[in-house]
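First chain written, first letter: the chains are A, B, C and D, and each begins at residue 1.
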Amino acid sequence: MSDHGHAHDHKGHGDHGHGDHADHPSYEKTYGILLVLLLVSIAGPEIGIKWVTLVTAFGIAIVKAYLVASRFMHLNIEKRIVSYLLLAAVAFLFLFFAGVSPDVMKHRGNNWENMAAQDEVDRATTEAHNAPAAHH
Amino acid sequence: MATPIHEHHGEGDHGAHAHDDHHHDPGFVQKYLWSTDHKMIAMQYLFTGMFMAIIGGYMAYVFRVHLAYPGVHVPGFGQVNPAEYNSLVTNHGTIMIFWVAMPVLIAALGNYLIPLMIGCDDMVFPRLNRLSYQIFLLSAIVLIAGFFVEGGAFGGAWTSYPPLSAKAQYNNTPLGAPIWLVAVALEFIAFLLGGINFVTTAMNSRAPGMKMFDMPIVIWMIVIASILFMASVGPLFAGAIMLFFDQTVGTGFFDPNKGGDPILWQHLFWFFGHPEVYVVLLPALGVVAEVITTFSRKKLFGYRTVLFTSFATGLLSFFVWAHHQFIAGIDPRMANVFTVTTVLISVPIAEMMFVYIATLYGGSIRLTTPMLWALSFLVAFLIGGVTGIFLGASGADIYFHDTYFVLAHFHYTFVPIAILAVFCAVTYWYPKMFGRMMNETLGKIHFWLTFVPFNGIFIPLFILGLGGQHRRIWSYENFPELSRPEYYSLRHFASISLIIMLVSQLIFIFNFFWSLKAGKVAGKNPWRANTLEWTADSPPPHGNWKELPTCYRGPYEYSVPGRESDYWPQDEKS
Amino acid sequence: MYTLIERFLPAASTYAHDIDGVIALVAIIVGFWGVLAEVILIGLVVAFREKPGVKAQYITGEQKSEMKWIAYPHHLVLLCDVLVIVAAVRVWYNVKQDLPPPDTTVRVIAQQWAWTFVHPGADNKLDTADDIAVNDELRLEVNRTYHYKLESRDVLHSFSIPVFRLKQDAIPGRVITGWFEPTKTGTYDIQCTEMCGIGHGLMPARVVIESADGHAAWIRSHRPDASLAAVK
Amino acid sequence: MRPIATTRSATGIPTGRLAVWWVIASEIVIFGGLLASYLMHRLGHPEFAGPDFAGATTTWIGATNTFVLLTSSLFAVKAHDAAQKGNGPRAANFLWCTFGGGAMFLCIKAMEWTQEISHGYVITKNAFWSFYYVAAGIHASHVIGGMVIMAILSSDVRNNRELQRVELIGNYWHFVDLIWIFLFPLLYIAK
């Protein structure tokens, strides 16, 4: 963002620079791994077992995310605080989910019932049975 | 990039005109809208905020008079019909929180103080800073535009709960509702940019020798507040986009008939809405910390205690949001969890209050105007704080929810934050901002004519709340329990107090502009304070210092034993 | 027992006094702390006004001996919080979570901007021919346990009966169940306490609490067929 | 004319990069709020797996787009590598490759959406499609933003000016890639 900053940033990089060239895993290799993972995540559902699908879909998404964050965004050689910062942001989302899902994800609870949502589920599922998938 | 304007003398003039920023004479724009100087941008925020405060105050005047004297022709407005009434209360709330408290406490103070107090020449991203103000100004214009469109301004309360806010057939403001939403979203973007700038500046650009724990409390508070804002506003921003699609293209994110859920918005809103309270509270507390230490010539009682309690408050504030929804249809079991967290947040806040009070012990207290504002903040905020316990306790909230007790409670927190603390800050840093002292006598008159009527407004409203008077009601005529004569006398008292409070602001405005010209010249450090901004010229030139200061000690070294002078500036070698 | 809130409003339900009790407890606790803090604050300001030749003391507040001035009140506040939480949750559980078996169930339907109260009628069953649907008037029999099934036809509303200390939002698409047991005969306000549009201030309703005979007479006076139309 | 403030680095992280980390942190909660809301509906509504919902999305198109973005991310990181070695022109070329990746992603998206809309799967079809278009739409707007920034930077970079910015835009681009890595299973695979 700045001329001075420029020079400085380069010093900043210098320190990492070594890391990058000496022992930083090669970008092409990381890329290869990512593509393999992508193929697995597509193949997963073909097996047709639900939990396998979940693992191949979301487990692998997390692995991919980790690879990109650590090796492409260089969090592996960045100051620790940044990783904590980003993880904290993610943590807040789990908090949000934990606080909200009892009301939004569930359709009935302690002395309340979400009729509209249940009707929607029934309507759509019956529809699905009556008219089987005929798209693309 | 546009070269920042170099202005030695004219800060005052910026001030004087900056509040009608929407002129279109290019020279004027170059000078007042296109500057990248953090002090100039702070002034822009300050005066835009004050301008919006006048609008918000006017709205309060209109609906208070209407409530006290139903059906009366309100001078300067006319008869208030239900739709207008809803728009007024909705936008009063929105403006006072998003267009007054936020820009003045975070943006204006943050922009002005962060570089000066940590001893650098500007924000790290001056152009980003300028952009953030321009987006903010745009958002303000968009919001006000909402009043002049077909159907009038949005009137679905500042919480904007769908389905009411989502469907024109329900809220009868087909254009007002989306415009309101767009304005708020723009405002969020402006403060995200600003916040990133603040946090990065404070993290990276401190003066040589200034360790993290040498930063003045107010800077810490503004940084923590910015981080709270960044971490909490995201879901609501996403929610705003979803609601906007509900309003404009008819999606059903919050529409139960289309598989959506109105409760989701409430959660998205309050997950932001509650931390937001602390986003504005913390900077106010920071200002008060600076002022009471300076005018009691005391070291802050436990600098680290204050920091850790504010960290704790900030973190806890993410775990309490649903106490706004106890009876709003969430699962009753969740209410118990949120009661615990909510009541527990009183611990760090109470602790912070104790620290501030303890700081006064053994001091040598000078009751200058800023000090009066600071003390009044503590007095009023204590009341606002303790009355919050009634509402955090789920059992009691069943009765109090959405009554005037709630309203009086949060005005006893927000008025100290957005009015008392802001006057405290302005009167305290005025000499630095404009190089001249404000008139003390006028200042004290203004103080008493603001603080006393403020209590006169909201103590009666507390009582009405105990009587079960609920909020956002156009007329009490239809509710026998609420239209008793003794209740009306309370409403009269509140409304008249409000008018007194509003009128007495003229004293401040006069004092402000009169002192620009006639106030006695302040010099660098009129209050004999320690923090770095007082070592720069008043007003500081562009770039703030000839050569940037170095920091040798913490900000609160007052009355150190063995020194004949009772203060010890941070940049003084020994 | 005559509570703070009763100075303003009668307590007309079985749990009204419990809720008033929580309010009283909190009032005592925070009243003590609030007054104490204000008195100390103002006292210190008076005691330590600037005096010529007297220099302020240098107290860091970081030593153990000084920290205790924060630590003691800190623990006391924590203790008070626990008291408040216990009291609040106990009442909350009784009012919102644990519903006693009903003698009668009424359906409360909110819409812009009116209330529809569906009484079960003589057979004491909802959704039968003799249901009595009335706009803006809820008819109750004193000392009888009621369940209400709360619904909304359009936007959020809130079903509030101040004399019962009862309040519950109505959510479109959901049915929320709650309870109350009137303890006083008379006619009182029902308020909508959730912003529901232009008419929010204009949807008042009344709750009429009658003796057993009075209520029976009212039911008899209603011919079912006519009332059923009102539901549709 | 840039302030000295910008050149200081008390944390040891260059100011620009630190700011980008904060940008990313605030973006995480924006997308996270949306995806958390989507996840609640997805888990609460089994019908989302059905034919008129996620069932109608085309996995292979989503997969292709994932591949495209991953590739563009590789180019972005190569650009950063070149910039660190002080080779501006090479960095600029890689930036334009990344730009190309983004463009291809958008084209594929456009075709995909055209096809779906022509099948009647418009944003108001049902809750799933509302989330589908909004989530992917916000993501696409980020792709466009990144492309614009890269186009602007490239000329400076080509002349070996402001090379540190290559890493900044790169980090942002990788983040946009990350979001898609999660959108892909959420919207396409979970049927």
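By definition in this document, contacts are C-beta pairs under 8 Å (C-beta built on N, C-alpha and C of every residue); 3 or more make two chains touch, one makes a residue touch a chain.
The shown structure was predicted, so the numbers you read here are calculated from the model rather than taken from an experiment.
**Q** My parser should flag the chain pair with the most contacts; which pair should that be?
**A** B-C
**Q** With chain centres taken as the means of their Cα atoms, state the distance from chain A to chain C in Å.
**A** 43
**Q** Between chain A and chain D, what is the gap in Å from one C-alpha centre to the other?
**A** 13
**Q** Rounded to the nearest whole Å, what is the centre-to-centre distance of chain B and chain C, using the mean of the C-alpha atoms as each centre?
**A** Each chain reduced to its C-alpha mean, chain B and chain C end up 31 Å apart.
**Q** Roughly how far is chain C from chain D, going centre to centre by Cα mean, in whole Å?
**A** 48
**Q** Specify, in ascending order, the residues of chain B that touch 2 or more different other chains.
**A** Counting only residues that touch two or more other chains, chain B contributes 124-125, 231-232, 235, 256-259, 261, 263-264, 271, 329, 332-333.
**Q** Provide the list of chain D residues touching at least two other chains, using ranges where the numbers run on.
**A** Residues 2-4, 6, 9, 11, 13, 15, 19, 22, 25-26, 28-29, 32-33, 36-37, 40-41, 45, 126-127 of chain D each touch two or more of the other chains.
**Q** Mind pulling the chain C residues that touch 2 or more other chains?
**A** Within chain C, the residues that touch at least two other chains are 96-97, 172-174, 176.
**Q** Just spell out which pairs of chains touch, all of them.
**A** A-B, A-C, A-D, B-C, B-D
**Q** Contact residues on chain D for chain B in the complex?
**A** Contacts found on chain D: 1-6, 8-11, 13, 15, 18-19, 22-23, 25-34, 36-37, 40-41, 45, 123-124, 126-127, 130-131, 134, 138.
**Q** Spell out the residues on chain B that touch chain A in their complex, using ranges where they run on.
**A** Against chain A, chain B makes touches at 124-125, 231-232, 235, 256-259, 261, 263-264, 267, 271, 318-319, 321-322, 329-334.
**Q** Note which residues of chain B are touching chain D in the complex, please.
**A** Interface residues on the chain B side: 1, 3-4, 115, 120-126, 192, 195-197, 199-201, 203-206, 230-239, 241-242, 245, 249-253, 258-261, 264, 268, 271, 543, 548.
**Q** Going by the contact rule at the top, pick out the chain B residues touching chain C in the complex.
**A** Result: residues 82-83, 85-86, 155-157, 159, 161, 163-164, 170-172, 256-257, 261-263, 296-305, 327-329, 332-333, 335-336, 339-340, 343-344, 346-347, 350-351, 353-355, 357-367, 375, 378-379, 382-383, 386-387, 389-390, 393-396, 398-403, 466-468, 470-475, 478-482, 558-561, 566 of chain B touch chain C.
**Q** In their complex, what parts of chain A are in touch with chain B?
**A** Checking each residue of chain A against chain B gives 1, 88-89, 92, 95-96, 99-100, 102-104, 106, 109-112, 114, 116-117, 120.
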